[in-house]
Amino acid sequence: MPEFEPQNPEYEKAIRESFEKQSLMQTFGAKLVSIAPGEVVIELPKREVLTQQHGYLHAGVITAVIDSACGYAALSLMPPDNEVLSAEYKINLLSPADGEKLIAKGSVIKPGRRLYVCRGDAYSEKNGGEKHVAAFQGTMVAARNKS
Amino acid sequence: MPEFEPQNPEYEKAIRESFEKQSLMQTFGAKLVSIAPGEVVIELPKREVLTQQHGYLHAGVITAVIDSACGYAALSLMPPDNEVLSAEYKINLLSPADGEKLIAKGSVIKPGRRLYVCRGDAYSEKNGGEKHVAAFQGTMVAARNKS
Amino acid sequence: MPEFEPQNPEYEKAIRESFEKQSLMQTFGAKLVSIAPGEVVIELPKREVLTQQHGYLHAGVITAVIDSACGYAALSLMPPDNEVLSAEYKINLLSPADGEKLIAKGSVIKPGRRLYVCRGDAYSEKNGGEKHVAAFQGTMVAARNKS
Amino acid sequence: MPEFEPQNPEYEKAIRESFEKQSLMQTFGAKLVSIAPGEVVIELPKREVLTQQHGYLHAGVITAVIDSACGYAALSLMPPDNEVLSAEYKINLLSPADGEKLIAKGSVIKPGRRLYVCRGDAYSEKNGGEKHVAAFQGTMVAARNKS
């Protein structure tokens, strides 16, 4: 695991402010649980309104949460006055997310000047154990903040 | 565009019933607008609760809706008594989804015995025009219905 | 299918020169068979040295040829004095490439200032018929030519 | 890193025999350097015939080698009398492969009954140092050997 030097001394504040503006994360009930340079963890308690036809968390919900974890992992390494956008990603769904809580971890594997390549993983917590439910890989883009 | 012969004469009913059980699609306010063998269209009016930090539809919402459109495109070609699961997918986000409505179209490009490869596209409708906002490619799996 | 306006009047020459410098395409015996703004076709006769363990064209060969077709489709729309690099791509292998010839078509679906999103498809020609063997989606980057 | 129990006591022999039948790997000059349950490493000395237009290893070559490493990582966990096929994969190219040697490592992250999800990474070795040049994620399929 590489160690990264943040360029923005207030990266944690930048991430918390951006997260609060993401209505979808509030709608889902997701929480930022850990922020480190190049690595962010988000948790989501399972709720009935977020399920697919079998009663498990919908793949789109899992994707949205890992995408946010990776996006903020990338933002932690960007210069001040940048916002983060997702350019593309791929996800493999490994197992049904049938636990009580989803834990999504996003990590930067290659920071660039504008493009940040990330990997993410989601785990479903059930009866105290954890199951790997999704593997994610994608690209985040640094976008100059206009406001 | 290949023409497909459905194996389940009641494929439309199977899709409508499954869609109604997807709580997430109800939570989002998404609607099935067209069902044909190997091709399904879903629409989603933009709502504030589904946005990311810039006020556009969140990438995870766009992904969830295209994923559902592709999943049901695959289900339309599966034998009776099958359910559909997403195995993996990839999405490229082309433009911000800043319109009033999202239109997601999913198409099967290669049906198999268990694996169905699909492509999907999402368009954002704004002031009567349409903009291509996302391109999706992935694999859906036929799973024997246990109930 | 969108129509694109090339920015480089000599895009065809730029592509032919770059293709000739790709040793791998010469090693494979691949040929540029069609160049249009935003769309390039490359063909590859099947040869024993390019196969996997079942005697079909290796997935890596198919990928390399579609990648090149998409890269040159992107280059056709870039300004003069740019080179093209692949940033990322995803491929679904649909059927064994057991024919005598592979035909790979690359198309730009979204040109940007630096990032070009493309889709590609490969077909295997056998006894006069064509079979869809691979579906590709990825991102090409415009890189300022240093030489 | 999970520890896997191989189902085929002769998995190493099965991999070596299959690798020797992959003409492409011989054409490239690739070598199997390590085989363990769920993890395989392949090396490739850089050669002029495998380059793209800037003289670096072609993305398609890198992809082919990581794909093979992941395919054999999956084969190491399959029952006897199975062959492995690639269903789909995604790769992010992180840096030019400008070193003297490419080292590709493939690992199974989720073995299934028929589908094996894998991650792979490639490193370019130059002047004694190693650079991460590609990140790969994909699905391998177990296919009953007909011969």
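By letter and in written order, the chains are A, B, C and D; residue numbering begins at 1 in each of them.
Please note the rule applied: a contact is a pair of C-beta atoms (placed from the backbone, for glycine too) under 8 Å apart; a residue touches a chain by one contact, two chains touch by 3 or more.
The shown structure was predicted, so the numbers you read here are calculated from the model rather than taken from an experiment.
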Most distant chain from chain C by Cα centroid:
A
Decide which interface, A-B or A-D, involves more C-beta pairs in contact, and give its chain pair.
A-B
Chain A and chain C, separation of their C-alpha mean positions in angstrom:
33
Rounded Å distance, chain A centre to chain D centre (Cα mean):
28
Between chain B and chain A, distance of the C-alpha-averaged centres to the nearest whole Å:
23
Going by the touch rule set out above, which residues of chain A reach two or more other chains?
87-88, 90, 92, 117, 139
Under the stated contact criterion, what part of chain D meets chain C in this complex?
18-19, 21-24, 26-27, 48-54, 58-61, 63-65, 67-68, 83, 85-93
Going by the contact rule at the top, pick out the chain A residues touching chain C in the complex.
87-88, 90, 114-115, 117, 139
Interfacial residue positions of chain D with respect to chain A in the complex
90, 92, 94-95, 109-110, 117, 119, 132, 135, 137-139
